[in-house]
Structures are given as structure tokens and as C-alpha cells.
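This report refers to the structure that appears directly beneath it.
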Amino acid sequence: MALRRGLYDVVQASLTGSIIGNSLLVLGLAVLAGGIRREKQTFDRAAAGVGSTMLSLAAIGLVIPALYHWTAEGAVARHALSPESETALERGLSLEIALVLFCVYLLSLLFSLRTHKHLYAGQDHAAAHDRPAQGARPLLTLLVATGFVAWMSELLVSVVEEATHQLGLTPIFVGVIVVAIIGNAAEHSTAVLVAMKNKMDLAMNIAIGSSTQIALFVAPVLVFASYFIGPRPMDLRFTPFEVLAVGLAVAVVNMVAQDGESNWFEGALLLAVYLVLGIAFYFLP
Amino acid sequence: MALRRGLYDVVQASLTGSIIGNSLLVLGLAVLAGGIRREKQTFDRAAAGVGSTMLSLAAIGLVIPALYHWTAEGAVARHALSPESETALERGLSLEIALVLFCVYLLSLLFSLRTHKHLYAGQDHAAAHDRPAQGARPLLTLLVATGFVAWMSELLVSVVEEATHQLGLTPIFVGVIVVAIIGNAAEHSTAVLVAMKNKMDLAMNIAIGSSTQIALFVAPVLVFASYFIGPRPMDLRFTPFEVLAVGLAVAVVNMVAQDGESNWFEGALLLAVYLVLGIAFYFLP
Amino acid sequence: MALRRGLYDVVQASLTGSIIGNSLLVLGLAVLAGGIRREKQTFDRAAAGVGSTMLSLAAIGLVIPALYHWTAEGAVARHALSPESETALERGLSLEIALVLFCVYLLSLLFSLRTHKHLYAGQDHAAAHDRPAQGARPLLTLLVATGFVAWMSELLVSVVEEATHQLGLTPIFVGVIVVAIIGNAAEHSTAVLVAMKNKMDLAMNIAIGSSTQIALFVAPVLVFASYFIGPRPMDLRFTPFEVLAVGLAVAVVNMVAQDGESNWFEGALLLAVYLVLGIAFYFLP
């Protein structure tokens, strides 16, 4: 796995890619496909609002270490802080933030499976045939997610190495865009299918929920795991452009999710934002 | 024209100025004037929501090249990238983003004139006497907009030169604030008049729609045109403060537009944000 | 007082701390405590929307001088501007922005006490026993607030000096986190109590209103006062991380306030954002 080899840049790029891919590409395709023959589709604002606020918190948690790094760099440049102690501080910060994110993940299970399950109940029932494990068996979901991440990381390293050599693409573009598109194919097809059946609540839940799960569960678990199986502790210091892409993706999702209505043009706007970010990642040196 | 002479800084400043002027000053005046004797005014949340999400996408498209530049600068400083190839990459990025923005503009015409024209229908009908061309004749609107931009650019260069010399104002302040106020006088008066007649849907549409049109139509067309009539290709690399001003303006417009209600104090808040940004541009060295 | 001694860093840290403490910690605790045995709590979207938009304007006003500073620093580095004239420009900018913020504060009194007092009327009536001065006697509130700030500043300096020496905490952590928690204890208990009585309108008003009052009244008054009693004029140039924390806090409050509903998990999310920011301030060198 990428983690074991210490290829943390690649791991972080694939985390970013999964978050913006699910928030913009999956959600955009679902909203576009669902809205193409309808005037509008509606969904429950409360559930979508909680989901997009949770995604925002997750994004804040993930970008803080990078922002911290820019501040600390100034102190290093002024010789007020040694580079070694800066790295140690960043790892400590990342570990504590990972703990907070993981606790929020556990609380979100309590919220969606216990205290407010009726918010999600309708969709689960309706979606029983589409996606049996949704919500009902969290432990199984966790295991599947973990296995999925392991498999994706595996895929990642081989794809990155091949694509970088043969197609002349940069590793960051492959990690953020290519791997995320391949890795999230299941979410893509499920979200688009349920959106076309006018089950927008479930489609929003898959798209936003997958992004949130990556940020609140997969990212912290990778940080914890790096202490045991990685060559050195992993931090959550994403590159500036990754920070930016996650921030913009979350902001746009919030705008679309807040009003409880969607139409094909909002889907096209989400895809356009994804396209603009993809172009920028392609051009990144 | 400024474009032909290659004064791209001035062109970019006037684009920024038009966007923040329409979003904050025009909308602020309209909301304030309309709300001054009423408890509140209501407007259609769906139309305003689509408009402000479209404006956000447009703003993201416009600011990405500047953000890209800051990232690439680091690579140039590390000698990983030559300044020439950085400039070439930035022009390529700007051109592709301009293409995406222009396609979204065409899709927005399809949305507002074909699939969802009923969202805007009421206002057009009601506003038939105020603004006959609104929506009904897009091609004419395009031509008028293009001619208007040409005239504004002309005005721009002469105003900038005079004001800079005689009043001691900086070119960026003249471009962002002075020219935008003069150039958008038509939008100002129309938006304020319809807001006072309690047609807030139309007022929002004029203010947000004008900003969006600048960003999705005028900016890309200027980029395309620079390849033919300019001395060199124009990019979309705005200055950091322009990026900031556009981002904040769009965020504030989203807050005001999301809830479907407005009152005089929200108008005053929009004007205050404009004033704060104007003061900052005045003080910019 | 910290102001008289010219300890402007400490004053600014406590302003930031009060804003994020009220927006995230006080609001988070209130929403969590109020939501713990209820499915959801509702509040008036119009009042909460105006409050959070006002808070956003205030945050924009407060962070502009720091953003201006980063831009101007480039000019200083290029020797296009002397450091002395940069400092003078920043003080001028801070003073004018303080004036705008103060005018908005006066307008907000006009809004909440005169033209739209019915928005806040229900809560005042209901809360007459909990908080008699709320809204009814603005001048008294102003005086109390001013006295409170004076007392807090006093407390601040002694706490900062002691804590820094004895506990090994950094002055910025003490200023932003410790002092704000102690100094806002009154808001904490009141907001939590009224939220538990299901008066969410009042709880939102206390939390968001206190943040806004700090930014629109206390901060400008401190700038004005620094011209008379400080050793030199104070500017509003916050540190990058303070800017970031205020921006993120305001964005999260907007998300929670926009939909007019709250539940315990939204409270937990607000607290988690506060925790993440607190951890980052703790690790700051």
C-alpha cells in the first residue's frame, strides 16, 4: 500500500480527489441526470443541511494543518523554530485533529442511526433494494470502506507509476483526478441511478456522505495507521491547491444543498466547477 | 481600446470593478431603496439561488488563474519551472477556463430562455415596459453588451489617464471603483427603480445577472479577442486584492440571496461591504 | 489596561477570541444543550439571517487590514513603499474601516430597536426576566459593554502574564482561547439556559449578537480610544491565523443559522470546529 511505502503525497492527493470528486462530479452528474427531464427535484433540507455542514467541518479539519504550516514556515524562516520541531508540531496537530474528526464521525453515526434516523429512514426504506447496507449495518459499511480504501491505495500506486511514465501526466493530477474517477465509479453509478428515479435525498446522501466519510473516517484512520505500519507518522498537510479545491468544492456544495431544490443547471454548474479545478490540476507544475 | 494597447491590468481591474459594483453597490442600493418604506420584500428563492450559484462558479473560474500563479511562483523560485513556460501555462489555463465559462454562459441562456423560462417569465412580463430586451432577444443583448464593453474600455483608458494624473488616484482604484460606478450607471438606475416598485425578482436579476454576464461572457470574450487583436494573449490573472474582493462580494451576495427576503438593513450591509472594499482599494499602494 | 500599555497584540487576540468564542463555543453549547432531548429546535430565519450577514460584514471589515498588509508587504519588499508610510497607510485604513463598522452598528440599533423591533420583540418579552436590559436600553448596554471590555482587558494582561510564565502557554493561545472562555462566561450560561428553555431565537441572538457587538462596537471604540489614551494608534491588523479563524467561524455560523432549525449534532459540529481551531492555536509557535 501507498501508506506502507510512505508515499504520503499520493495518499493525500487521493483523499482530496475523493472529496472533490464525490462533492462535485458525483453530485453534479446525479443532479444533471435527475434534472434533465424534470423541472426540479426536491430533497429534505434538514438532512442535506446537516450533511453539508458536517462536510464543511471535515474540510476545515483537513485544511488546518496546511494553514498551520504556512504560519509556522514564517517562524522557521525567522529562526524562531527549528524545522525538526516544526515537523513534530505538525504531526501532533494532525494527530489531535484526526482524533476530533474521528469522534465527530462516531457522533454522526449516533445521529443518523439513533437519534435522527427518521431523517434518513424514508430513503433507506425506498432504497432497500438499491443499496441494502446503507445505514442499517454501520460496522459492515466500515469494513467495506476500509477494504475499499486499501484496494484503492493499491490501485493508486500502480496507476500513478504507469500514468506518470506513459502519459506524461503529473502525479498530483493522476492522484486527484484520475484515481478518484476510477475509485468512485460505484458511487457515480449508484448516485446517478437513484437521482434518475427521483430519489434525490438518497443521491445527495451518497455524494455528500461519501465525501464526509473520506474526510471523517478514512483520513483519520490513515493517520492513525501510519503510526503503526508507515515508515513515519503521516500528517494532514495538503498542498495549497488541494486546500483551495476542497474549500471551493465544499462552498459550492453548500450553496446547492441549502435550498432543498435542484435542477439540471445546478448539476451543470457543479460539473463546471469540477472541470475548472481539473484543468488547474492538469496545468499544475 | 485598452485591449488593443495591451493594458490588461486596466481591463482586469474594470472586470473586477463591474462584478463587485453590480453585486454590492447596485444590489445594495436596490435593496436599500426598495426596503426603505417596507417591512420586507420577497423574491423567488429558486431563481436567486441559481443566479448566485452561477455567480460563484464564475468567480471561481476567474480567480483560479491567480491562485494557480501563486502556486507556480513557488516552482519558479525553486527553478523547477522557467518563467517563460509559467507564462505559457497560465495563458493556456486562462484560455481553457474562459472556454468553460463561455459554455456555462450558453447553458445559462438555454436554462433561462428555454427550460426554466417560467422562473423569469413573471418579471419579464411585468418589466416589459421597463426593459423590453430582457431575455427576449439574447442576440441583441449580446451585441449591446459587446458594444457597451468596447465603449467602457474606451472610456476607461481616457478616464484612467486623466484621473491618475490630475487627482492623484492609483490606476487600480480608478479601474475598480470609479470606472465601474460610471460604467454601470444604467444598471444602477434600472435596478433601483424596479426595486422601489417592489419588483425585487427583477432587481436581483439585473444586479446578479449583470455581474454574472461580465464574468461568464465579457471576460471570456476579452480573452478570446486578445488572441486576435491584442499584442499578446491576455490571461485572467487578477491581483490578490481583486481575487479577495470578488470572493467576498460573491459570498455576501449568496447570504443575502439565499433566504428569499430582503430588508433595508441588508441593503445597508451590502453597501458597507462595498465601502470597506473601496476604502481598501483607495489605500492600495 | 492593555490598550494604555500598547499591548495591541493581546487586545487583538482577545477580540478574535471573543468573536470565535461567542460564535462557536457559546452557540455550540447552546444548540447542543437545547437539542439534547428534542428532535429539533426552530428559530426565526429572518432575524438569524440578518444577524449572521451582519457578523460576516463585521468579519470582512476586521480582516481587510491584515489582507491589505500582506499586499502592501510585497510593495515594501520591492522598495516601492517605505515601511513607515505602510504603517501610516494601515492606520488610516483601520481608522476608516472602524468608522464604517461603527456606523453599521448605529444602523443595526435603528433596525433592531425601531424599524424591525417586532423581529426581536417576542424574545424580549419572553426573556424579560432572564435579561432585562436586552434591547430595551441600548445606552445602558453600551456602557455595560464598555465597562466589561475595560475589566476584561485588565484581567487579560494579568492572566496572560501569569499563564505564560507558569503554564508555558503562548500569549496568543491565552488571549484567543483562555481569556475568551473566562470573559464570556456570562454569555455562556445565559445562552445555554435560554436554549434549554427552547428559546432558540434568544440564544442565537445572544451568541451571534455578542460576536457582532465585539466586532462592530468594541473593536472600533478601541481603535478610536487608542488615538487618545494609547502610546500610538492601534490598527486592526490581525495575525493570519486569527483572520482564518474568524473567517471559518463566521462561515460555519452562517451555515447553521440559514435554515432556521437546529439539532444537537449541529451544536456538536460547532464545538468540533472550535476544538480544531483551539488545538491549532495551542500548537502555534
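Labels for the chains are A, B and C, by order of writing; each one numbers its residues from 1.
In the analysis below, contacts are C-beta pairs under 8 Å (C-beta built on N, C-alpha and C of every residue); 3 or more make two chains touch, one makes a residue touch a chain.
Note that the coordinates shown come from a computational prediction; the quantities given were computed from them, not determined experimentally.
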Interface numbering overlap (same over half, different under half) for chain A and chain B: different
Rotation, 0 to 180 degrees and nearest 5, that superposes chain A on copy chain C via CA atoms: 120
CA centroid of chain A to CA centroid of chain B, Å: 31
Of all residues in chain B, the ones touching two or more other chains: 258
Chain A to chain B touching residues, read off their complex: 39-40, 239-241, 244, 248, 251-252, 255-256, 258-259, 261, 263-266, 268-269, 272-273, 275-277, 279-280, 283-285
Residues on chain A engaged by chain C in the complex (per definition of touch): 45-46, 49-50, 52-54, 56-57, 60-61, 64, 67-68, 70-72, 75, 80-81, 86, 89, 92-93, 96-97, 100-101, 103-104, 107-108, 111, 115-116, 254, 258
